[in-house]
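As structure tokens, here come the structures.
What follows is a pair of complexes built around chain A, which joins chain B in one and chain C in the other.
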Partner chain A sequence: MNSPDALDAAVDRTPTDWNAPDMQARIRRRYASERRFKYVGLSAVAASAAFLAFLLIVMIGNGIGGFTQTRIALPVDFETAPISVDPDLLRSGSGEAALANADFQGLVEYAATAAYGPGANQYFSDGAWVLVRRQIAANPDLLLGKTVFDLPAASDIDIANKSEGSAEAERAVKLLDSRHALSKSLNVAFLTGGDATDPALAGIWGALKGSLLTMLVTLVLAFPVGVLASLYLEEYAARNRLTDIIEVSINNLAAVPSIIFGLLALAVFINLFGMPTSSPLVGGVTLALMTMPVIVIAGRNAIKSVPPSIRDAALGVGASRVQVVFHHVLPLALPGILTGTIIGMARALGETAPLLLIGMRAFIADPPGGITDPSTVLPMQIFLWSDEVDKGFVEKTSAAIIVLLVVLLSMNAFAVYLRNRFEKRW
Partner chain B sequence: MNKTLALIAVSAIALAGCNDKAGSSGASRDYISAVGSSTVYPFATTAAEEFVRANAGMKTPKIESTGTGGGMERFCQGVGAAYPDIEDASRRMKKSEFDKCVANGVKDIVEIQVGIDGIAVAQSVDGTKLSLTPQDLYKALAANVDGKPNTAKTWKDVNPSLPAIGISVYGPPSTSGTYDAFKELILLKGCEADPKMKAMKESDKDGFEKSCTDLRSAPYYVEQGENDNLMIGKLAKNPNSVGLFGYSYLEENQDKVRGIPLNGIAPEYAAIASGEYPGARPLYIYIKKAHVGVIPGIKEYVAEFLKGAGEGGYLKAKGLILSPADVAAKANATAAAMTTLDGADLK
Partner chain C sequence: MTISGPALLFLIVGLGVVGWLAGRAKARGFSRVGGRRALHSLPNYHGWYVALWAVVPPLIFLAVWSALSPSLVTDAVLATPAAASLPADMFSRAAILGEARSIAMGQLDVGFNPQAAALVAPYRTAISYYSSIGAVGAALLLFAGWAYGYTRLKQDFRARTRVERVVMGTLLIASLIAILTTVGIVLSLIFESIRFFGMVSPFAFLTGTHWSPASGNVDPDQFGAIPLFWGTILIGAIIAMLVAIPLGLMSAIYLTQYAAPKVRQWMKPILEILAGVPTVVYGYFAALTVAPALRDFAVMIGIPNASGESAMAAGVVMGVMIIPFVSSMADDSINAVPQSMRDGSLAMGSTTSETIRQVILPAALPGVVGGVLLAVSRAIGETMIVVMAAGLSASMTANPFASVTTVTAQIVKLLTGDQEFDSAKTLAAFALGLVLFIVTLLLNIVALRVVKKYREAYE
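Right, the complex of A and B next:
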């Protein structure tokens, strides 16, 4: 009864009718669901791109002005000015005291009033007289005649000149503009100076240098320890309960909130070991603790992805375990390890919470000379400036964020470069 | 196999250890280190800059903004280059803090009042105009009023003459000196106006303080961080909220926020300096006398600070309210002689 004929009869052998209405409907549904999925995915990408673009546009829009500075020309006639410093004294090199005693604040006030009317010294930044003093110290011959100093404007004039300011400041800008006294130039002080209470003189270099020194300490500590730990765990450690515990601990360490590392650093490095507070040394050690587990995890994955056949071949031609590791495994795993390291470092660069506790929330005007000098870091400087009373700091805060983003971007670009440069494919 | 791991750990610690010795060798510091209040911070940093400009060759002091309480903790840890020289405080040192200092060997402390700060109670310029009293603020914000949980939802529930606007106050965190001053100058005053609480003050002082200063939580009292600019931004967005912060921020942001009068007196310069405005508090710096002469420049820095805080000084432009003449004279005398605090009259 199970004859082939009977089977044939049981199975409907008519070819699929693609034009039948319900078949067409099924096909439409399939295509529609494909399209829906594609669009959902696309809109997810578009949303994240839009967030990023929004952030960048807002930051650049707010911060680009922070890289320029409005300057006002201030003509000074030393023949009549109420200041008497002997240029010969300055040239002989013993003029520091003479300069310190001279009333440069009064000089700027006098010259500003003479040039632009009473109250005009308000147009200049609070620290403008320091620049006059510095220029005279550098070139005492200025004292002999008429000189025009190009001095930074006060922050309300600066804002009024760049965008919309208060009515009073706008009037001042109009007056100065009619005298052709205003100019806008690259704010060199911002890129080369340390923190200051006057936005016209405040610079990012102190914090940037602090960040670089901190990152250096972090790298020197976390990279060798992280790489050695991951090599040991992958290549040497026996698979037993202890290694499992170590593995779980390292994964947990990577997930510990960063503020905990700050508390640890305060208790151990500062209070117990007596390391200097606010220094890149303490900051670097703290961030190294935080970065090390990230490097271990990335390193282990990179080492795992080196094909076992390479190890076997090396062992087969008589290489020792150390030779296998250093001649073959490590070079092949290096791109992955380096990418992981740079991602960990980038995270450390943007970290503020643990550094709050080790004294980096501080006013530090002199850029650090070494890893034990007091210093602050970029994200902390941004935080400090965002809390400043003077409105001129709004722009500086965004400008500092741009600097931080540029540093982060170049670090990530370096990671991509390293990966492409050293990556091997099988 | 674990030897290698142990070796790595040991060598890491050893490395940290040897760096440490390099860092604190000589046990001295060539710059001044100050810690403390975020309210004093802008004045302390300005004075630090002027100090460097006036004293060629000196390094800029390091000014940390930790809050008064956190700063006291660090200041009182001991004498030596590892500990700060100066504490910036937005309230007087407490007796408990003084005792801790003494216990840790910080026996000679010089107290100098540098000026006055007003706690501004403020709202957005777009909000409905309010005029409050300390009692209103106490009744609106205390967790328990008359022994019962506080049920007031709008300012009208607190005081029928006020508009029916929901109570929402942004204030400083409990570690900040601004918070302590708010408690002492406004909440306790408002609390005392209630006769029942006044009786309690006589019999049970601790209970009185606790029930007066125990605050409600969000949405009535919302703690903000130490960042006062953030608070001003929030007030501008929520016109019906009220904010508590330092007077200098109010002065700098007149276009966004306006001061709310307390007892009919607006937070203005003259009213705060004369002591008429209820929400004013003195600002202090504390100096470790043992560090004077060891860390270079402390005396000069304090002199520069007082010069800036004096009549015609540059700190007035930064929002500091100058001390009355007699207080200023006393501060100058204390700074010149470095007279130490005996701690007997601290609370």
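Right, the complex of A and C next:
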């Protein structure tokens, strides 16, 4: 605090007494504020991490039950049951019409009432009778005697069995439990089935397959175009107006809100070109336009990190400029490009908004057979289920989120692995 | 005669491979006669030259043909006597034609419209006629190109130069796709918006305060977009930023200035997971967990109009999603502050926090501001969170616990569900899209300018 300025007579020249109480207090204050600032920073980091943890815990807590399913044993005595299908007809392979005409819904209702009292039909999932029919079609001998079918429970029973349900459902669970009719098993239908209106039967395979097809279209279009464009911009492009325009458009495309791509797809691909609505083809092309700039930006960084000496050496032994790039630069940059591609694909896989606009929000029960079939994708299935009123879908939605997050996490982990394993530091 | 598409592609690719092998073999023949040095290009390039001549022309022809032939087919069908009885109304006409085409192509079994059945046969004839022409044309080009390429091969033929020219052309075309996409976005938005502004004046759209588009009648008073702009700003630029800026900035400060390297190495990727979670997951989380909790809280402290779908829920969750974005931009600009400034301040006896607050942050401010602008542009373009958690009621309330709606949520609402495409309602979505596009573009341009200028200051 001593001023060296000798001309200023007013300056107090007594040395600061650092041990004076007010100075000590001041230092304590400054240190306290230092600690406070540090803790504010720490708590900001902790709050962000806590939010992530909270989100994951809520999703896992809600969704883990979606992978298991409550099943109820339903004893059926075909001697007395009100159904008449000739097992011999089924065995000969021509019983489809007979099966289609038989009243399996009535059979389940009759058997449920016989076993658990009136109204017990409500305990079973709406589609339970389809499973009975399927089992009988597979094994007609079941029709000859008494059989116990293991059928999925209705979603309110399922909820009551797994956690807390309505009073009525809890009573039903108590009744069924006393008869040892309840069991829990892995919900295979959830992982292998398509969408359904009944949460007990709804599955994500249809959406997962739609996502895979969409991603396939995206990859086939965005990867080559992205790699070629980044090679051109990084290795060959002259510094001129055209190159500037290309660079500006790529950087802008990377920042354009995703829903704008949906508007583009609706106006151009669907209304102008007449491509099929709701198909993985249109979805894939739309997401490819979004992913391409990400691949270009990652690709350019990877290509930039290949040292010029490699190019000089190749040119020196007589390679042409195209040979230099395709024989030397591209193979060396490929791990970096692949890492960027996977990250871009992971982003595209989680994208919902543009696909909403091209009609991928329709209810589609059958998994798509090809890229032009109507289809939905995993994030869209989550969105559709989140809108459902039936409480059973809460569990399904969270379970689908778990599947989506696991897929995304493994893609990102693979990208990190690729980077660590193959990327060279020059 | 009809050749199916896959068979034709197979033929083209097959002959391409044969062309590659034949061209290479021919070139090897030259080198056997005159020694290896006699060739200008390696035999492989001769092979590629023939293959390109064989494959590229028919593929281009097929692409053009498949774009042209549907309208030719429709013209041919309309010229048949069966089409004379079609209704004059454009919409029902197009519906019947489309149905007949689907039946003829085997995508549909039975039509709903009896008139469509009569048109199936003409459609089949026309489709097979034009697809035969396409196939024959492609086959002719295939063989002609093949033969041309093969006969041009000579000892001193510059096959490599030619092939490399094609490669360079392909690279340039790949880069031009980015421009094409941008132009496509701009044109489609402007084109549809102009049609919308033909029905509703831009002035009424941009300054009106009443938003309730209904299908059917076009009343310009229904298309006042101010409530949507307000909702977008309230959620994306106010609430989300109130969450994201302090948390993101303080996280960046802690991780760059205080945290041990080990902590930083672990916490940075963990925070980045927040940016990788799909927005539909955030939306579901906001609607399922955050919104009900916030409503209960609002009811408890006595705020009126508390809704289960609130600006607060959407904004808070969106803010969390943006944290890593703000944090990594702040991280970059803090790291760009020269070490000498930091050392100078510490040497004067100031504490770390005083250095950060009085030296580093002012120096890094332009970068941080640029990052925040980019974050705002991302937040106002975000769709799923607001669709799922903010609601759809277009109100101009400042109460963050009430339901508001945003530009993106309304675009989704206007374009999903039953609608004919040309109504003012659907076109309004494109006008909203245009506004959104322009605003995000401006934000990005300004942000990049700010960041760039600041970078130059320290280089």
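Operating definition for what follows: the second predicted complex is superposed on the first by the 378 of 426 C-alpha atoms of A that agree within 3 Å, B and C clash if a C-alpha of one lies under 4 Å from a C-alpha of the other, contacts with A are read in each partner's own complex, and residues count from 1 in each chain.
Following the convention adopted for this analysis, contacts are C-beta pairs under 8 Å (C-beta built on N, C-alpha and C of every residue); 3 or more make two chains touch, one makes a residue touch a chain.
Since we're looking at a predicted model, the values are computed, not measured.
S.K.: Could you check whether chain B and chain C clash or fit when both are placed on chain A?
M.R.: On the shared chain A, the partners clash.
S.K.: Return first, second, both or neither, reflecting whether A:Leu228 touches chain B, chain C, both chains, or no partner chain.
M.R.: both
S.K.: Check the residue A:Ala238 against both partner chains and state whether it touches chain B (first), chain C (second), both, or neither.
M.R.: It touches chain B, and chain C stays clear.
S.K.: Per the contact definition in the header, classify A:Gly283: touching chain B only (first), chain C only (second), both, or neither.
M.R.: neither
S.K.: On the A-aligned overlay, A:Gly299 touches which partner chain: chain B = first, chain C = second, or both, or neither?
M.R.: A:Gly299 sits against neither chain B nor chain C.
S.K.: Chain B or chain C: which reaches more residues on chain A?
M.R.: Partner with more touched residues of chain A: C.
S.K.: Return first, second, both or neither, reflecting whether A:Pro335 touches chain B, chain C, both chains, or no partner chain.
M.R.: In the superposed model, A:Pro335 contacts neither chain B nor chain C.
S.K.: Which partner does A:Asp126 contact after superposing on A: first (chain B), second (chain C), both, neither?
M.R.: So A:Asp126 only meets chain B here.
S.K.: Is A:Ser386 touching anything from chain B or chain C once the two structures are fitted on A? First, second, both or neither.
M.R.: Both partners, chain B and chain C.
S.K.: Kindly classify A:Val45 by the partners it touches after superposition: chain B alone (first), chain C alone (second), both, or neither?
M.R.: Touch partner of A:Val45: chain C, not chain B.
S.K.: Looking at the overlay, what does A:Ile259 touch: chain B (first), chain C (second), both, or neither?
M.R.: In the superposed model, A:Ile259 contacts chain C only, not chain B.
S.K.: Once both complexes are aligned on A, which of 146-154, 200-208 or 218-226 in chain B overlaps with chain C?
M.R.: The overlap with chain C comes from chain B residues 218-226.
S.K.: In the superposed view, which residues of chain A touch chain B and also chain C?
M.R.: 225, 228-229, 232, 236-237, 246, 274, 361, 383, 386
S.K.: For the complex, give me every residue of chain C touching chain A.
M.R.: 70, 160, 164, 167-168, 170-172, 174-179, 181-182, 184-185, 188-189, 191-192, 246-251, 253-255, 257-259, 267, 270-271, 273-274, 276-285, 287-289, 320, 323-324, 351-354, 356-357, 374, 377-378, 380-384, 387-388, 408, 411-412, 415-416, 421, 429-430, 433, 436-437, 440-441, 444, 448
S.K.: Any idea which chain A residues touch chain C in the complex?
M.R.: Going through chain A, the ones touching chain C are 30-31, 33-34, 37-38, 40-45, 47-49, 51-52, 55, 58-59, 62, 224-226, 228-229, 231-233, 236-237, 245-246, 249-253, 255-264, 266-268, 271, 274, 289, 292-293, 296, 320-322, 326, 346-347, 349-353, 356-357, 361, 379-380, 382-383, 386, 394, 397-398, 401, 404-405, 408, 412.
S.K.: Help me check something: in the complex, which residues belonging to chain A touch chain B?
M.R.: 96-97, 100, 126-127, 130, 166, 194, 196-198, 221, 225, 228-229, 232, 236-238, 242, 246, 269, 273-279, 281, 285, 359, 361-366, 371-372, 374, 383-384, 386-391
S.K.: Residues of chain B touching chain A in their complex?
M.R.: Interface residues on the chain B side: 1-2, 4-5, 8, 12, 15-17, 19-20, 22-24, 31, 33, 35, 38, 41-42, 44-46, 48-49, 52-56, 59-60, 62-66, 82, 226-230, 248-249, 252, 255, 314, 317-319.
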